[in-house]
C-alpha cells in the first residue's frame, strides 16, 4: 500500500469522502461539496460551450467571411456565412431573460429551439419508435419449432395486452378488462426486470468509487 | 478484349476511338517496367461500367457498378484493385475519384456536384500496370428527389395519428366530449386525502422535479388543481414543494383556483406552495424534512421523477402515510410500485390529467392515441397472420431501412 | 409581438423540420441543415445562460444574507474561478495538462461520480424498508426483480449450477428479458412515442404554450 | 432479532452494503462469467466491420457512469484498433469530453497501440451541444458539425488530420459504436441516425437503460447490446481480456446483488410480523 503523492488525487479523494458523509446525515462537509460541485459544473459548461460551439461554430465562420472578403450570402450546405448572424442574434436575445422588462424577447430564441426539436423528435419517434417497432412485431407465429413459436405467441400476446392496458376509451370490463389484467402482469414483469438492472447500475457506480479510493488514492493493487 | 454491351445505350457509351488510350497505356507500361514487363503482365480491363443516381437524396452521390476484370481472381494476382476516374468532358482531363481493392465491383461517389454531367472510367491495376476499360460511361448526373420513397409508411402513420388527434380535439372543443374512462388512481387520491383528514394531518403533493417543458410536470400541475379542490372540501392543509420557478408560479395558481372552485377561497394558505431548489439532492433533502417533521397523512407524487424517486418513496413509506404516485419515467416506476399504495403507470398519468381537466387538447391527444393503438393492434394481428402464411408484402411496406 | 411571433416561429420551423424528413431536395435540406446548426448554437448559448442564471440567483442570496449564504459564496467563487481559468487558457484549454482539465479531473469528475454512487446505499435500504409484496402484481414484479438481479451476475448461475442449463437463473433471466419484458417495454415505447408526437403536434400548432409562460 | 430488524437504523444497512462491496475488491473470488447473447452479438457485429475501415464512435457519458462504461469503451476501442480500423470519436454529453479523451489516451498508452497516430488512426472531435440536432447535422457533413477537433485542429485540414479525408457523412462509416449513459444516447441515435440514415449501430449502455433498448435489439435497430458492468465483463471475456476492470468488479457486484435480494426477502418477512396500526 502506497498512498498517492498526487495533490489532485488527494483533493478528489477528500471530496469523495465529503459526499459519502451524507450517508451519516446531512452535514456541512456534504453541503460544501455539493455547492462546490454545482459551481464548478456550471462554470465548466460555460467554458465548454463557449469554446467548442460559440467560438468554433459561430464566431470562426463569421470571422473567416470578413477576413477573406467573401460574398456575404452563400447558403450552400455547410457554408452559411452572414446567415450565421441570425443564430448569433437569437443567442444574444436569449440573455434578455436576465433583465425583467425585455425578457419576452428571449422567447424568439426559445421558440426556435422548441420548434426545431418538436419537428426532429416527432419524426424521429414516428420512424424509430413507432413504425420500426410495429414492423419488428410482425413475426410468424409458427416458426416450425415449438419453443420459438410459443415465445413468438407469448410476445405478441404480451405486446397487445400491454397496449390494451393503456386504452382509455372504454371501461375496463369484460374481455377488455381481462386483457388489461394480463397486460398489467407483463408490465409488472418488465418493471421487475427494470428494478434488477437499476440495482446493478447503482452498485456498479459504488464499485467504481471504491476502486478509485483503493487503487488511485491508497495505492492498493 | 471485347467490350460487353452492359446496360442501355444511355448508360455505357463506346468511345469513338478506343485504340488511342490503349496505345498510350502500352507505351507507359513499357517505359515504367522495362524488362520486367515480360513477367508482369497488366491485367485485362474491367468492363460494363454502369451508374445510378443515389435515391432519396439531394443529388449528393452516384452509385457505380462494373464487371470485374477477367483476371480479378487469377493467381498469381494480376489485379490489385480498381481506380475510379472522373472527368467533366468525355475527353478528360481525368481525375482519380477513388479506388477499391480487387473483388469489389461497386462504389459510391459522394463527391459529385448535383445536376452536373460527369464521365467515368474504370481502370484495373496490378503489379504489371494498369489497364483502362475500353469505354467510358456518361453523362452521369446526380439529381435531387422530392420525396424519400422509403418513408411512405411513416407518413401514413403520422397523417393517420394527427388526423385522429385533431378530429377529437375539435370534437371535444365543440362540446361533444369523447368518453374517457375514470382512472382508478383518482379514487386512490381521494381516499388518501380522506385518510389524512381522519388523522388530522396535512397532505403532501410533489409535482415532480422537472421544469415545465416536461409534459409530466404539466400533467402533475393539472392534477394538483383537483387535489387542492379536494383538500379544500375536506378542510385539510396541503403542502406543495416545487423545484423550478415557473412550475412554482403555476402551482400557486392551481392551488388558489382549486380552493376557489371548491367555494372556499378564504381557506387558501399562500404559504402552502414553496419554492425549494432545482438541485436534485437539495430538493429531496427538503422534502424528506417535510415528511419527517410535519408527518403528512398522505403523500402524492405526480410528475417527472429521476433517481430521487427511491428516496422519496422510502422515506414516505417509513412514516406509514398513504402514498399515491404517478410518473412516465419507466426506470423509476418499479420503486413507486413497491412502496406506494397506488401508482399511475406512464400514460395513466396523462389520462388522469385529461380526465380531470376535460381540456380538449389533452383529451384529443389521448383519444387520438387510443385510436392509433386500435390500428396498431389490428396491424400486428394482420401482419402476424400474413407472416405465418409466408406473405411478406405488408412487412416490407413498413420497412423504412 | 410577445406571443404571436414566437408561436409563428415555432410553427414554421417545426413544420419545416417535419417536411425535411420526407423531402430530400436541396430546397428543403439546405435550410433545414442551417436550422439544425442554429439549434446547436442556441443550445450552447442556453448553457451559458443557465450558468449566468445560477450566478444571478446566488448573488442575490449572498447579498441578502439568506440562510446558507456562505455555501452560496463557495458556489459563486468556484463558478467564477472555473470560468476565468477556462477563458484565460484560450483555445487550448482542453490540453491534458491545462488547469481546466485539472479542475475537471479532480473536482468535477469525482463529485459527479460519487453523488450517484450514493444511490447504491439507498437502494439497499429501500429494498429492505419499502419493497412490499402486497398484491399479486407486486409479487410478479418481485419475482422478476429477484431472478433478473441474481441471474444477471455470476452468482446466479453459481447458486443454480445443480440445475439443468435451461433452468439456471442466467438462462431464465435472459428469457425474461427477451420475451415478457421485451413485449411490455415495446408497448411502453410505442405509447411514449404517441405521447411525444401528440405533444409535438400541439406545440407546432400553438395549442400547447406552456413553454411561453412566465411574466409577460 | 426480529424486533431489532423491524426498527433498524438504515445506516446499518449502508454499512453492510459498503463492506460487502469493499471485501471482494480487496480479496477477489473470481466467480465464473458466462457470455450472454446480446454481448456476443456486440462482439460479433464489431468483428464483422471490414478491417481498416473508418468507424464512428459516439461516447455519450460523463464521469458519473465511468465504472459501467469506461471498461466497455476501452474494450471496444481495442477490438477496433486490432482490426486496424480508424476511429472518429464524438461526445454529446457536456461533462463527457474530458473523460472520453482520457479513456482513449489510456488505451493508446498500452504497448500494443502505442505506435498508433493521432489524426491518422483516430480523431477525437470532442463535445458538441444540441443533442438530436447534432446527429442530424452530421448526416449532412461531419466537418460542418465539428469544425475543429478536441485539440483545436481544423477538421478540414487534412495535413493535421489525414483521417478526415475519408469522413464526409454517415455514408463514410460502416457502423456506429455508441457508448451511452442516457439522454442523449442510444435511443436518439436509433431514432435520428439508424432510422434516418440507415447506419448500422451497436450500443454499450448503462444497466438502467438496458431494458428499454431490448426492443431495439429485437427489431434489428441495434446489432448488439452491452448492459452495464455485467455486459462489459462479458465483452471482456468474449475478447479474452484477462482481469479487465469490469470482470474484477463482478465479484462485488454479485455479493451486493445477493445482499439487495436478501433485503427484499427479509424486509417482507419482518414487516409481515408488524402489528397493524403501528404506523405501517
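Which chain is which? They are A, B, C and D, in the order written, and residues in each are numbered from 1.
Everything that follows uses one rule, which is that contacts are C-beta pairs under 8 Å (C-beta built on N, C-alpha and C of every residue); 3 or more make two chains touch, one makes a residue touch a chain.
Keep in mind it's a predicted model, so treat the numbers as computed, not measured.
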| item | value |
| --- | --- |
| Remotest chain, chain B as reference, centres from CA atoms | D |
| Maximum inter-chain contact count - chain pair | A-C |
| Mean-CA-position distance for chain C and chain B (Å) | 16 |
| For chain B paired with chain D, centre-to-centre distance based on mean C-alpha positions, whole Å | 20 |
| Residue list for chain C, restricted to those that touch at least two other chains | 18, 21, 26, 29-30, 33, 36-37, 39-40, 43-44, 46-47, 91, 94, 104-105, 108-110, 112-113, 115-116, 119-121, 123, 125, 127, 129-133, 137-138, 141-142, 145-146, 149, 152-153, 177-178, 181-182, 185-186, 188-192, 194, 197, 199, 201, 211, 214 |
| Per-residue overlap in chain B, given as positions that touch at least 2 other chains | 58, 151, 154, 158, 161, 281, 330-331, 334-335, 337-338, 346-347, 373, 376, 400 |
| Residue numbers of chain A (touch at least two other chains) | 22-23, 34, 38, 41, 44-45, 48-49, 52-53, 57, 77-78, 116-117, 120-123, 125-127, 129-130, 132-135, 137, 156, 159, 163, 165-166, 187-188, 190-195, 197-200, 203, 205-206, 208-209 |
| Overall pattern in which the protein chains touch one another (line/ring/star/complete/other) | complete |
| Touching residues on chain D, where the partner in the complex is chain B | 168-169, 171-172, 195, 198, 208-209, 212, 278-280 |
| Contacting residues of chain B [partner chain D, same complex] | 61, 108, 110-111, 319-320, 330-331, 400-401 |
| Chain B partner contacts - residues on chain C that touch it in the complex | 18, 21-27, 29-30, 115-116, 119, 122-123, 125-126, 129-133, 137-138, 141-142, 145, 185, 188, 190-192, 194-195, 197-199, 201-202, 207-208, 210-211, 213-214 |
| Partner chain A, residues of chain B touching it in the complex | 58, 151, 153-154, 157-158, 161, 178-181, 183, 279, 281-282, 285, 330-331, 333-335, 337-338, 345-348, 351, 355, 366-367, 370-371, 373, 376-377, 379-381, 383-388, 390, 394-395, 398-400 |
| Of chain C, residues touching chain D in the complex | 21, 29, 33, 36-37, 39-40, 43-44, 46-47, 91-92, 94-96, 101, 104-105, 108-110, 112-113, 115-116, 120-121, 123-125, 127-133, 142, 145-146, 149-150, 152-155, 157-158, 170, 174, 177-178, 181-182, 185-186, 189 |
